[in-house]
Structure formats: structure tokens, C-alpha cells
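The two complexes that follow have subunit A in common; it is paired with subunit B in the first and with subunit C in the second.
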Partner chain A sequence: MIIKTHYRIEKNSIALVLAIILVSGIGGLFEIAPLFSIDETVESAPDMRVYTPLELAGRNIYMREGCYACHSQMVRTLKDDVDRYGPYSLAAESQYDHPMLWGSKRTGPDLARLGEKYSDHWHTMHLNNPRDVVPESIMPAYRWLLRTPLDTQDLSLHLNAMRRVGVPYDDAMISNATQDALAQATPELSTSKALMERYGEETNVRVFDGKADTVTEMDALVAYLQILGRLTALPYQESSSTQ
Partner chain B sequence: MSLIERDNHSGYTTTGHEWNGIKELNTPIPRIVLICLAGTFLFAVTYWYLMPSWPLGDRFYPGKLGIDQRTTLAEQTREADKLKRSWIQSVEAADFEAIYFDNALMAAVNDSGARLFEDNCSMCHGRLGVGNLSYPSLADESWLWGDDPTVIYETLRVGINSEHPESRNAIMPAFGQMGVLDAGTIDDVVTYVRTEARLPVLRTRDASKRLKAGQATYKLACSGCHGTDLKGNQSIGTPNLVDRYWLYGSDKDSVFESIWSGRQGHMPSWEARLEPYERKLLAVYTTTLD
Partner chain C sequence: MLAQLSFRERNLALCAAGLVMLVGLLVTAVGWQDLIAVHGVIAALYTAGIIALLLKHRKAPAPSPERLKEYYDDPTKIGILLCLVWGVFGMAVGDWIAWLMAYPDATFDAAWASFGRIRPVHTTGVIFGFGGNALIATSLHVVQRTSRARLPDQFSPWFVLLGYNLFCLLAVIGYPLGITQSKEYAEPEWYLDIWLVIVWVAYLVLYLRTLARRQEPHIYVANWYYLAFILVVAVLHTVNNLAVPIAVGSTKSYSLFSGVQDAMTQWWYGHNAVAFFLTAGFLGMLYYYLPKCAGRPIYSYRMSIISFWGITFMYMWAGSHHLHYTALPQWVQTLGVGFSVMLIVPSWGSAANALLTLNGAWHRVRDDATLRFMMVAAVFYGLSTFEGSFMAIRPVNSLSHYTDWTVGHVHSGALGWVAFIVFGSIYSLVPWLYKCKGMYSKYLVEIHFWLALSGTLIYLISLWNAGITQGLMWRTYNESGELTYSFLDSMIAMKPYYIARGIGGFLFLTGACLALLNVVMTIKQASRESSRSDASTRAAAVDLPVAGAPQS
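On to the complex of A and B.
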């Protein structure tokens, strides 16, 4: 019977067009409809903070170097994942991630809970040449990070772009982006106080790469890695309430 | 063209199209394909019915089985906790001495402790705990803060030079960079320390004079922390300079660099990441490494 109907529809172009629209419409509906209610499905995290300009620059380097190809940033709701990495990831945690970097493959470990797990010095050594600290590692060496000064001039534009897609950066954050990026990796600068005022007391202000005189791409990437999983305390509260 | 034509050889009708005398048979779709198609449809409908599937505005259809990964996870965690509870409690209750003499608990140390060590500690201290340049070995007899498991347990809790409010602090000042000592004076101290540590030192003509100068500077600037006998002080985490272990390298340049730029090793605090019993297992585990 179905075959017969199909046979008839195939011979009538208008009917065929309508049938195609109907079928692809169903698919479209189920892809698009959840987006209308996305605000209700994402948990509310009042303590959520935004990426500082330096961390955002680090995030851009993370994307540029393709870290996401081997590292996921998503602790799944599976026992083994939670045992190894910590509380599972929540939607709220990546609400300011444009694009998200959940990843789909783990050649290396998941990084969603990496922040402050290891020291800055370890990260610097490890990114410079992973074999220096983990002899059995197969991760590539990213030696140029330590010798490439960070381009901070266009950070205002990056922040502005993020604001356009909904990240709550204010005008002061955008206009001071370059200054804030330099201040975060140079603690002795007087401007680091203003940075703390804008982004909160919890902001890490340190010499991330061990070289106090220049702000390198290593500074930015390590600053970003050290904040992973630490933008909000919500996942830790959620997991203790369900257990 | 609209005439139905039957192929004499196969018995099927043709589609009625012809390309230079070549005609296409109108054979039906194989039955097995239709069965599979129907099967997948059936599976999809059953799955939609049983599992969370359809979006309903601000909610979603939870499925007849009511399966939720988060509750599944919570249940699994509860189950695992129940299984572990007995030995976790005995680890928590036992003092370190008792753990060493309890075979069952030592089995937990060797099993779970090793797993925890590999996941959390081996990145810096190495899989076998032998350390690395600037990351101390846990497998030798030299310990910065002492080899007592109680001390190690506390270090795991607060870290060293970490963000923890009660962090242990051990900072070697940058004597050169801060302008306290000049390069020549530091050279003398390097000569003195390396001589005392029985490392080969270049015998220049003014060697004995430099040695004396180095010793005098050492007494003034270094002995407060590293001790007059150069053996360090475990209560403040200063390393012994005359054992054969060198965290930052024993060559002349490395020792000079240590004095010139200072050293501030960083051990993260594990209080937020690891449970007290896990830290206890790790404290015991590290003492068993060799």
C-alpha cells in the first residue's frame, strides 16, 4: 500500500514537493524547537563569571592549535567519567563559550576540570615539550608559545564580538581589554587592581609562564587552562545535592 | 510510451523509458530492504515511547521507562559507596601506624592509592614517583618537609606555595635579582656550597680565598634557613644541600640560577579535589614508593 502511494506521489511533482517539505519540516522542527526554550533548560549560575581578555586570548590559541581535536571539555554523566574527572559538566558552564569546545574525541584526557589541578610551571613545561614532564606522552610540543609575544591589540574587538552573541561584557571591559590582558600576567602593574575590580577578586593575576618581562601566548593559554571548570561552583553544588 | 511493455526474458514490465534501444526493467524493491525499513521504523517508535525523546516546549517527554542519566549515575555512585564504605571508614578511623600493619588496608593503598597517584600526582612526580627536574622524587630518602605520613597528608591538604589559605610556604628569595648579592658574591657561595656537597669545583689560584668568602656570605645570607651545617630544615621545607639530591640541578649554572632568581616550587592543594580518605591513602602510598 505504501509502495503504491509512493508510486503515485512520485508521478505528481506538486505532491512530491509537498511531501518533501513535510518530512524535512519534521526534522527541522525537532532541531529548532528546543532552541526556543533554551533559557529554561540551561541551569542558572549566579556566580558565573566571564573570561578575562587574557583567558579569551588563551581560548583563541586553544582553538588555533586545534587542542579540541584530542581533548574534550565535557565530563559525561557516566560513573567512570565522574570518578576520574569530577562532577559532570552542566550546560550553564559553557553558556559563554562561542563556539563551545566540548569536543568529541579523547586522545588525551578531558580538560573540563583541569583548572588549578597542576601548577603554572608544570603547564608551561608541559606545553613547551610534554616529554619533559610526562615521558610517555604523545602530545605535540608547542614550543613557539613561549617565544611568541601575545597580540593584545585586537582583544577589544574579540570581547565586542562575544558581547554581540550574548556574553555580558560591559563597556569598561571592552575598552580596557588590552590593558587588562597585560595586567593579568604582570602582577606588579598598578592596573591589575582595576582588572580585579572588573572581573572579580577570584581572578588569577600571576606570571603564568615564568617570564615576568613579556606577556607571551603561553601566558594566555595557561591562564585559560587554569580557569577551566572554575567559572562557576554550580557543578560541585549540583553533584552534592543529587548524591 | 505509455504502453506497458513486458520483457519476454525476465517477465518484468519495463519503465517505459528507452535510451538508444536500451530499456530499464521495473523490478520491485527487494523484500529484505522493505522488512529492514519497517523494522527500523518500528524500533524508532518503540524507542521514542520508552526513552526520553520528544521536546514539549519547556520540558521533554521523559519516556515510559523514566530513564535519566543523572539519577542512574547517582544510583551507581551510591552503590559503589556502599561497597567501599566499610574500608573507607576503617581508613578514616585508623591512624597511619595502624594502616601499615593492616594487610587489608594496605591492599586498598596499593590498589586505590596507585590509581589515585597515577591520575593526580604522576603528571609532576612521574609514574614511579621518581620526580623530575624541579619536581621532587618521592621514591628517594630525601624529603623536603619530612617523610612522616602525617606531614605528607598535611602537604596534600594545603599544598606548597598554593592558593590555599593555610598553604605551606617555602620561597627561596631571588638574591641576585633583588640586588641583595652581586654575581661575584653568588659565584663564591656556589663554590662553597658545591665544595661542601663534595661536587667537583674548579681549582683556581684564588680558590681558598673564594671558598672563605663564600662561607662568610653563606653564614650571613643562607644559614638562617639552610642551617649552618647546610642540612636544611624540614620544619620550614628548606632542602638539604649536602645530600646527593638536587631538585633544580647540581651543576654550577643551575645552583647560580637558584640563588640569582630564587625558586618557588608550587604544589597544588588537594583539599577540594580529593576526599580525606583518598589523601590518606596517597600519603601512605607515597611513603611506600622506592
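On to the complex of A and C.
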């Protein structure tokens, strides 16, 4: 019976095409489509803030350099993961991550709880040459970050594209993106107050790379690393309430 | 080769190349300030090269209509060479970055040479460059033979092959410059993704047009797999790469999905790129070249049917096993485990079908390295699909995930299965295409086989050990309930395994170089011999289509 039906399908290329699309389509529809409609998929985190333009630029450098190939940003719900890195990751934490950077390999340690664990100075030294701080490290040296000024010109376009995919940036954030990026790494600028008003009092405003005169790619990347795991307090509250 | 194109096809090719060149120049002009200009210039140069070749042959006399009575294999011939060149390149880069993990300063202090930027050069080079060209080249050969019909025209196969290689080239040049959307195995940015969709639709149309001209009532199994590969990859690629560019003249885009939905979409893509790019397509290869080479029919037709539909249905559910214990909802993870374990049935069905086909031809497996390549491929296919299902089980995954075991598993499939079936197919296909008795050197094929096998085994055993060591060190507690090892301890423990892996990779790479050499020498020898005698034309007489192409 089945063989007979198959005889018919394999004699007709269009039937074969349709059957393949139908049969292969079911799995994706069942698993992916509900993720957009089931409310519990992403927890609500009212204190969640968006990336500042400088942090977003840093995130783009993280992607450009392929950091995700060796570092995950996902603490699993396993005891040793939690003991080693901190509270397990929640879906809410990466809700503004277009794309997500959960990673698939830990050649180096997980970075989901990295923010404020080390000083800016340590990060700058470490990124410039990891073996200066950790002699056994096999991480590449990213010396060009410190000598490359950050391109801040088109940050408004970046924020605007992020808004179009659903991140709640407002008009003021978009139009002041370049100014805000410079302000975050240059505390003496009068504009840094406006930045804090837009992104919250907790925003890190400081010279990240130790060089006050220029805003470099190092500033952006360190600013991003220092905010990892700190966009919302939800994971820390959940872990204390379960204990 | 170009003289085989009719005048109409030459003009069509000129128009298409000119159009792509124009787009390239336009992109360069609009995105002058952006890295996209580099891609624009390269696309323009690439097409300028094609146009120059076409113009050189424009005045060549019209090809003889006799050619339409034969199969059209020129794109396959070029595709095989491209496949091997990409293979050597991609594997060389792979071995380089393997050594970077033991000696991290081997990067000349250059941004473009840092691990994170050249890793996708390796993955794209071997998966899409080596694997993709092998699939396109063999699929065009197989679909003609199993349909007993010539390709419907001579322009579209070139458009598919050269357009696809333009995609690979631009992607691979882009990563060292920092152009990436950071999605694993889908790194090329939005405009390259659009270009690939255009090429891919042309591929599907070409395939279906050839099938429509077939002189056999049944579509052969190999074509089911090639069709599934073309169709499903199109769907996966389109959905996974949905993104909003920041501006038309910019490389940068932001993906439509975020966080958990993006994670599921990426691994739905990622796992099924393995299933439909690295499995279905190569099973198509296996189902044609293995029985042909062994001189025996496929063992079981029913097993082929069950395996094919099993793989097509179940793989699409399995992607979530890449996200165990993460913020992905548990119900999706559970579905992923279930289907991953069930996948053993169709996977082993295919592997068993291949091995049982060899039953009765084992003496040939012993004597003929070409057939042995295919046999080992089937064995590794069985082994790595078993390993995959095993690693998808949650407790196993809690140990294996994020470790080098995963990398070892991937290479068990990529080296042991994909590369072995490609080499086996190429070694049997090249002599058929060039109408000679065998490869230039049987001896080199034999050396290649043992280099490839020992390289693969060294690679797998070292990373299997590395991964399990890592996984165990990460979860070891001391008596006072604290973690025994720092992360750094586990990293230091990896060094001997990383060195061993680099050696295994080097052996495999050496084998691939021999394959390229052997194929080039075979082609040279064949062209010398065919100019001396017409023996080749007699040998070719049996390999002719029933349906030639329509006059154009």
C-alpha cells in the first residue's frame, strides 16, 4: 500500500517537492512558532534596560572578532555552571540581543556574568595581550583595539535598525546616539548627564581604556563586557528567592 | 569549453555577468565609505574576468549540434576542481587555527589573522566551498545519468556554479575584514544572503527542469536526497537570515529575531544545515556512486524509502538539543531529545543499506581504495549519527556540551563521512568524465586513503579525550563541596590534545593535496591521450543520454 503510494510520488517531481516541503516543515512549525506566542517563554523584567550606543558598538566588535566562537553567554541550570559562573541565565536577559550570542563552545570561560567582575584596567590589559595577565592563556591578543578610534558616525542608523526589529529605543536615543557614545567614555563632557537621563543612573560613564583623549574600540568593547549580566537584576532575584 | 555555448547562451551569459558587475559597481559607489565597497569591487572584478573570457570566445564558431546528444559535463568538471581547491584551502586554514589553540601568537599580530575572524573562513571554506561544490558538481552529473537526459540548457548550470562560488569567495574575504553577522554557519551578511537565494532558486529550477525531461518513469533515490537538500536548505537559509540592514550601502544588519527565539531559529538552521547540507546531499552521492562503483544494486528499496522520509521528517525537530539546560523552554528541549534518539533508525537504515549493498563485493573494497573510501564513509556516517543521538540525551549533553567533544563529533561527520564520500565519489567520477581507465596514480589514492583515515582517527581520539577531560574537570567537586579545578586548569590540560589534533588535521590536509594533484594529473594525461587516439570516443559510446537537449 505505502509502496504503491510512493510509486506514485516518485514518478512526479512536483509531488515529491511538495511532500518534502510538507514533511520537513512540520518540525519547525511545531517548535519555533509557539515560542513567539507563549507568554512564559520570556520572563517579564521591568527593570531591563537597552544597550547604550557605546555598548552596542562594543557588542558589534565582540561579534566582528568572533568572540562567540570560544565564549558562551549562557549559564546553564546545572549546579557546577551556577557555582562557577553565577545565577543561571534567563530568556529575558537576551531579549534585546539581535542576534543572540549564547555561543556553543567554551574554549574560554562563560561570559554571561562577567560584568564588573574585573576592573576596566584588567580588561584593557587582558584584551591587549592576555598573556600579560594570565600567562597560560591561549586567547588571541587584540592589540588593534587600543589603537583604533571607534567609528561613532553611523550609530543612529544602528539604533534605528534595532528599533525596527523591536528594541524600544526612543527618538532622543536615536538622534543622540553618536553624542551618547562619546559621552559614555568621556566623563568630563557635559553631555554625559543627558546620557544618564536616557539610559539610567546606573550607566557606567568612565574612561574604560585608560586613554582619556580618544574613544577607541577598546572603550566600546570593555563597556560592553562590563554590562554583561547587568541589564536586569531579575536572575539575581530569582536565585535568592529559590534559595 | 566556452565554445560549447551557443551564441544565444553566450549573449545570455554576457548579460548576466554584466548585470552582476553593474550591481557590484553600484554597491561600491553607494557604500564607498563602508567595507561593502570591497565586496562590490571583488564582485565586479570576478564578473569582469568572466566577461573577458566570454568576449575572447565570442567569435568562436557555433558548436556542433552533435554535442546535444551527449551529457553536459563541463560544469561538473570545473565544479570538481573548485571543490578540491576549496578543500585544500579550507583544510589548510583549519589546520592553522588548530595550531593557534596551542600556539596563540601565530597570527602576525594582524587583526585579520586572529582566531575568531578566520574560524568562519575555515567553516565556510570546507562546508560551502568544498562540500557545496562537490554537491553541485555531482548532483548535475547524477541527475543527468539517472534521468537519462541532458541538462536542459548550458547557461543555467554555469550561473549556479559560478554564482555560488562568488558567494563563497565574498564570504571568505569578508570575515577577515570583520564582515559577519555572527550566526554560526550562516555568517555572511544580508546582501550575500540575498544573492545566495537567487543562485539557489536557479539551482532548483535547473534541477526540476532536468527531472522533467527524464526518460525514466521513476525518480531515483539519489535525486530525492539532492532535491531535499536543495529545497530545505532554501527554506532554512531564508528564515535564519531574516534581518534589517542599517542602510543599503552598509554591510551591517540586525537579525529579525532576538534571544531565545533567535537561538531556536539558529539551531533549527544549524542542525538542519548538518542534516540537509552535510547529510542529505551526500547521501544522494552515496546512493549513486557507491552502487555504481561496487557494481551492485542498492540492497533495499524499502529501506531507502523509510530512511529518506525519516530523515526528512525527524531532523527538523532535533535542533533544540543544542540548547539543553539553557533558557529555552523545557518542552522544546524534550522534543529535541526524543526526535534525536529516534533519528538513529533512519540514519542507521541508510548506513546499513550502503554496507549491505557492498555485501558480495568485499574483495573489491579490499583491493580498491576508491570503494574503500565510500565504505569508510558509510561506517563513519553510522558512527557519528549514533554519537549525535547519544550526545543529544540530556545527561550526556550536560557533560559534552561546550567542550571539544562537540568539535570532535562534528569532524567525525565532516572528515569521516562527508570528506570520505566526496573523495570516493571524485575518484570514481573523474575517470568516467575524462573517459580514461582510472586515476593517474592508484598508488596516490591508496596513500591518500591511509593519510585520511589516520588523520581522522588522531583528530577524533584526541578531541574525544579532550572533551571528556574538560567536561569532567568542570564538574569535579572536592570534599568541602567546592569546585576542584579553575577554568584555567581545564584549559591547560587541553594542550597535548590540541597539538595531537593539529597533527591529525595536517595528515588529512596532506591527503587532500594529493587528491588535487592526482585529479589534475589525470586530467592532463587524459587530454594527452585523447589527442593521440579516438579510443576515448568509443569508450564514451555507452554513456549517452536518451534525451538530448532541445536545439537552441
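Criterion: the second predicted complex is superposed on the first by the 214 of 243 C-alpha atoms of A that agree within 3 Å, B and C clash if a C-alpha of one lies under 4 Å from a C-alpha of the other, contacts with A are read in each partner's own complex, and residues count from 1 in each chain.
Here is the rule we go by: a contact is a pair of C-beta atoms (placed from the backbone, for glycine too) under 8 Å apart; a residue touches a chain by one contact, two chains touch by 3 or more.
Not measured: the values here are computed from a predicted model.
In the overlay built on the shared chain, the residue A:13 is in contact with subunit C alone; subunit B does not reach it.
Contacts of A:70 after superposition on the shared chain: subunit C is touched, whereas subunit B is not. In the superposed pair of complexes, A:119 makes contact with subunit B only, with no contact to subunit C. In the superposition on chain A, contact is made by A:84 with both subunit B and subunit C. Contact with neither subunit B nor subunit C is seen for A:58 once the two complexes are overlaid on the shared chain. In the superposition on chain A, A:30 makes contact with both subunit B and subunit C.
Here subunit B and subunit C are compared by how many residues of subunit A each touches, and C touches more.
In the superposed model, A:144 lies in contact with subunit C only, and not with subunit B.
Of the two partner chains placed by superposition, only subunit C is touched by A:166; subunit B is not.
Residue contacts after overlaying the shared chain place A:104 against subunit C, while subunit B stays out of touching range. Residues 3, 30, 36, 40-41, 77-78, 84, 88, 134, 136 of subunit A touch subunit B in one complex and subunit C in the other.
Here subunit A touches subunit C in the complex through residues 2-3, 6-7, 10-11, 13-14, 16-17, 20-21, 23-28, 30-32, 35-36, 38, 40-42, 60, 63-70, 72, 74, 76-78, 80-81, 83-84, 88-110, 130-131, 134, 136-144, 154, 157-158, 160-162, 164-167, going by the rule given at the top.
On the side of subunit C, the complex with subunit A involves touching residues 100-102, 104-105, 107, 109, 111, 114-117, 119-120, 175, 178, 180-184, 208, 211-212, 217-219, 224, 227-228, 231-232, 235, 239, 243-247, 250, 252-266, 268, 276, 302, 305, 309, 312-320, 322-329, 332, 335-336, 339, 398, 401-403, 406-407, 470, 474-475, 477, 482-483, 487-488, 491-492.
Residues 28-29, 54-55, 57-58, 69-74, 76-78, 80, 119-120, 122-124, 126-127, 132-135, 163, 265-268, 273 of subunit B touch subunit A in their complex.
Residues 3, 30, 33-34, 36-37, 40-41, 77-79, 82, 84, 86, 88, 116-122, 125-126, 132-136, 242-243 of subunit A touch subunit B in their complex.
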